[in-house]
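Next up, some structures in structure tokens.
What follows is chain A paired twice: with chain B in the first complex and chain C in the second.
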Partner chain A sequence: MLSAIAEGLQRVFQLDAELWRIVLLSLEVSLSAVLLATLLGLPLGAALAVKRFPGRRGAIVTLNALMGLPPVVVGLLVYLLLSRAGPLGELGLLFTPGAMIIAQTILILPIIAALARQALEDAWREYEEQLRSLGAQGMQAALTLLWDARFSLITAVLAGLGRASAEVGAVMIVGGNIDGVTRVMTTAIALETSKGDLPLALGLGFVLIAIVLVLNAGAQLVKEAAQRRFG
Partner chain B sequence: MSSSILPLTLDNVAYASNGQRIIAGVSLSIEAGPSTVILGANGAGKSVLMRLMHGLLRPTAGRVRWSEADPASLRRRQAMVFQRPVMLRRSALANVVYALQLAGVPSGEREAQARAALDEVGLRHLAQRPARVLSGGEQQRLALARAWALHPEVLFLDEPTANLDPSAAREIETVIKAFDAAGTKIVMATHNLGQARRLGDEVIYLQAGRVLERAPIEQFFARPATAEAAAFVKGELPWV
Partner chain C sequence: MGVALAAAIAGFITVASTTSTEQSGLFRHLLPIFTAKSGIEVRVVAVGTGQALDIGRRGDADVVLVHAKPLEEKFLAEDHAVRRQDVMYNDFVLLGPKSDPAKLAGTKDVVTAFQRIRAARAPFVSRGDRSGTHFAELEIWKLAGIDIGREKGPWYRDTGQGMGPALNTAAAMDAYILADRGTWLTFRNRGDLAIVVEGDKRLYNQYGVMLVNPAKHPSVKREMGQAFIDWLVSADGQKAIADYRIGGEQLFFPNAHE
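Up next, the complex of A and B:
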């Protein structure tokens, strides 16, 4: 086992150019999806945290349930949307990184929105009276809340990033794992495993874990430093 | 500024939450001038009554009326300081600037006004410090500075010193007196009788959601009109 790992890591670093292309594409796809899902998910979470409207509880339950969306199902739905005969077939996005970004955005949007909703609702409980007393309303109150809870929201965004960088089902279906075009870490690992090249698959797996670890550690450090500084 | 938002009139106001009656038919009028202290034991409904007056809660029956009808103008001309101040994750100065921004003060004037308010409560040296790392007493003074900057006609205070040590509480009382001297109407809930005497001109005594008595401060302490108020004064005095 240990020798397989060592061999795998060695093989991974021998791949150099090809490996880095895969790593960079993985980061590009997952980080783009995180960015999009954050831009959409934070306002959605804030609205659900602050606004009272009929059907709010149902919306929250649905959102929480969508956190467990199976990646292959998302992949399939996006595939149907983007396929030649599909409603968005004209765009010609299928089997491109763009399609992978769309699929991952849909996959992690509920995660970021639901976790943000929880964090913001807690903050709102603390702030509501004070903000209303000062005359903050609607959009203004939501923006204040988002900015003030910014360090707790890092956790929500990280959860989305973790999901995006780890999933294989959605990017496999809509990307197609095309060498040099849509091959990312997870699809490469799946491919090498099915080809029986376990050391290489393992090596790629360790690189993926290392990247996720570094990103999380960085975000955690930022969060802790900020919390010490701002209370 | 147009004519005063006072008097504030409560017309048979009741408030219930989850089927539990907290305020039971309160009618009273709050006039400009004397500082009003709302006295009562824990759970008497003091905080809820103030929130009904300030507009944070909607009465389940009855009416709360100000002599100003425009809600935005009304909001801007009153302020409230809570038992536990809520500060935003930004500097002390920025917290005051934020309140001025919400009040519609032009951006060029906010910082100078905010600094003047911090001076007033003795927090000038902490202006750049993150508000949430200040001590409890400093945060409460910052809450008062935030209110001061708005020059409210009415200032509601909900047990503003309940969580503070005596010296911090004295500093808060000094600032409250300055509000009074500047012509702001003070409406304060407390169960601290010493504080009521130091800061109040008249007492509204509340028990189980009802106003049992309203009297000038000296008269209330010397000759409470109801047996309940007498028992409260007698019971609380040893801890003043």
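Up next, the complex of A and C:
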């Protein structure tokens, strides 16, 4: 086991140029998906936290349930959507990084929105009267809440990033794991496993874990710096 | 790579092909040669033969290169392609554990081997994924007079997986498994598995190539796709296929013009 890990890491670093290309594409795809899902998910979470409307409980339960969307199912749906025979086939997006970003965005949008909804609802409970007495409502209240809960929201975004960078089912189907075009860390790991090259697969796995660790450490540092500055 | 970049890239085509051609390293050897010559980038989506043909059926690939003739003929009959050309062949091998519970050592006849596996109820791993290799396996059970759909028991493991994952499973449980020679030669996690039957003419594995029908799927890049096919069956392409070796062993045998 230990020797396999050592061999894997050694082999991974022999890949250099190829490895970097795969790492960069992984980051590009997952970070784009996180950005899109954050832009869509935070307002959605805020609306669900603040607004009262019929069917709200049902919407919240559905959103929470969608956090467990199976990546393969998302992959299949996006595949059927983007396939030449599908409704968005004209775009020619299947088997491109764009398709992978779309699939991952759908996958993590519920995670970011649901976690944001919870954080914002807690903040809303605390500040509702204060905000109301200031005459803030609707959009303005939501924006104030988003700003106020910004540090808890980082956790929601990081949860989305974790899911995006770890999943393989969706990007495998819509990206096609094409060498040099849509091959990312997780699909490369799946490929090496299926070639029986377990040390290399394991080595790639450790590189992926290290990247996710660095991203999370970075987010933590930003959060602490911002907390010191803005309190 | 340097060579490939030197030629101006005119565009790309998408080829749906099988895991055996991708994982054996054949495409990594062939594609840079073709791209340098033509300026056409070839993007390969490697899946099982059944799925590769489905990708073609939806118009999501320009060319399909697969290995299951009955399925390819159905694809032609449905008008998803107009013409199928032979490209190359390799062969399947029957692998088994060194302990050889079905006593196949010395058998040259793959049909007899399958009958013995059934009789001994020795563990057998099936791809079970509508791939070319899965179809070849089903064909041999049929020749052996065994209705595997009815007779499969706990000894027969239907994995629904690609060649590599199925080999990993077989290696872990000391099972017999039918594999294409190319994937086997490049497979590293062999465990106790070794070739037990090879060379039977019923283990012959033909690869064919088809341009997806542009009349039916207007997004198909007809000229670039055809250029790739023409090159594969040309003297140059056939030589490039024959030149691909692993550890001195030739993996694929060109036969476009036989």
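We adopt the following convention: the second predicted complex is superposed on the first by the 223 of 231 C-alpha atoms of A that agree within 3 Å, B and C clash if a C-alpha of one lies under 4 Å from a C-alpha of the other, contacts with A are read in each partner's own complex, and residues count from 1 in each chain.
The criterion applied here is as follows: a contact is a pair of C-beta atoms (placed from the backbone, for glycine too) under 8 Å apart; a residue touches a chain by one contact, two chains touch by 3 or more.
Please read these numbers as outputs of a predicted model, since none were measured by experiment.
J.: Let me test your reading of the model: by the given contact rule, A:224 touches which partner, first (chain B), second (chain C), both or neither?
T.: neither
J.: Which partner chains sit in contact with A:84 here, chain B, chain C, both or neither? Use first/second/both/neither.
T.: second
J.: Quick check for you: in the superposed arrangement, does A:92 touch first (chain B), second (chain C), both or neither?
T.: A:92 sits against chain C, while chain B stays out of touch.
J.: Pick one for A:176: touches chain B only (first), chain C only (second), both, or neither.
T.: Second partner only, chain C.
J.: Considering only touches as defined above, state whether A:193 meets chain B (first), chain C (second), both or neither.
T.: After superposing on A, A:193 lies in contact with chain C but is clear of chain B.
J.: Thinking of the overlay built on chain A, is A:122 touched by chain B (first), by chain C (second), by both, or by neither?
T.: Touch status of A:122: no partner.
J.: Can you list the residues of chain A that touch chain B in one structure and chain C in the other?
T.: Looking at chain A, the two contact sets are disjoint.
J.: Quick check on the complex: what are the chain C residues that touch chain A?
T.: It comes out as residues 14, 19, 22-23, 27-28, 43-46, 57-60, 162-165, 167-168, 171, 186-190, 217, 219.
J.: Which residues of chain A touch chain B once you look at their complex with the stated criterion?
T.: Counting only chain A, the residues touching chain B are 126-127, 129-130, 132-136, 140, 144, 147-148, 150-151, 229-231.
J.: Would you tell me which residues of chain A are touching chain C in their complex?
T.: Those in contact with chain C are residues 83-86, 89, 92, 94-95, 176-179, 181, 191, 193-198.
J.: For chain B, which residues count as touching chain A in their complex?
T.: 51, 54, 56, 72, 75-76, 79-80, 82, 85-86, 88-90, 98-99, 102-103, 130-133, 146
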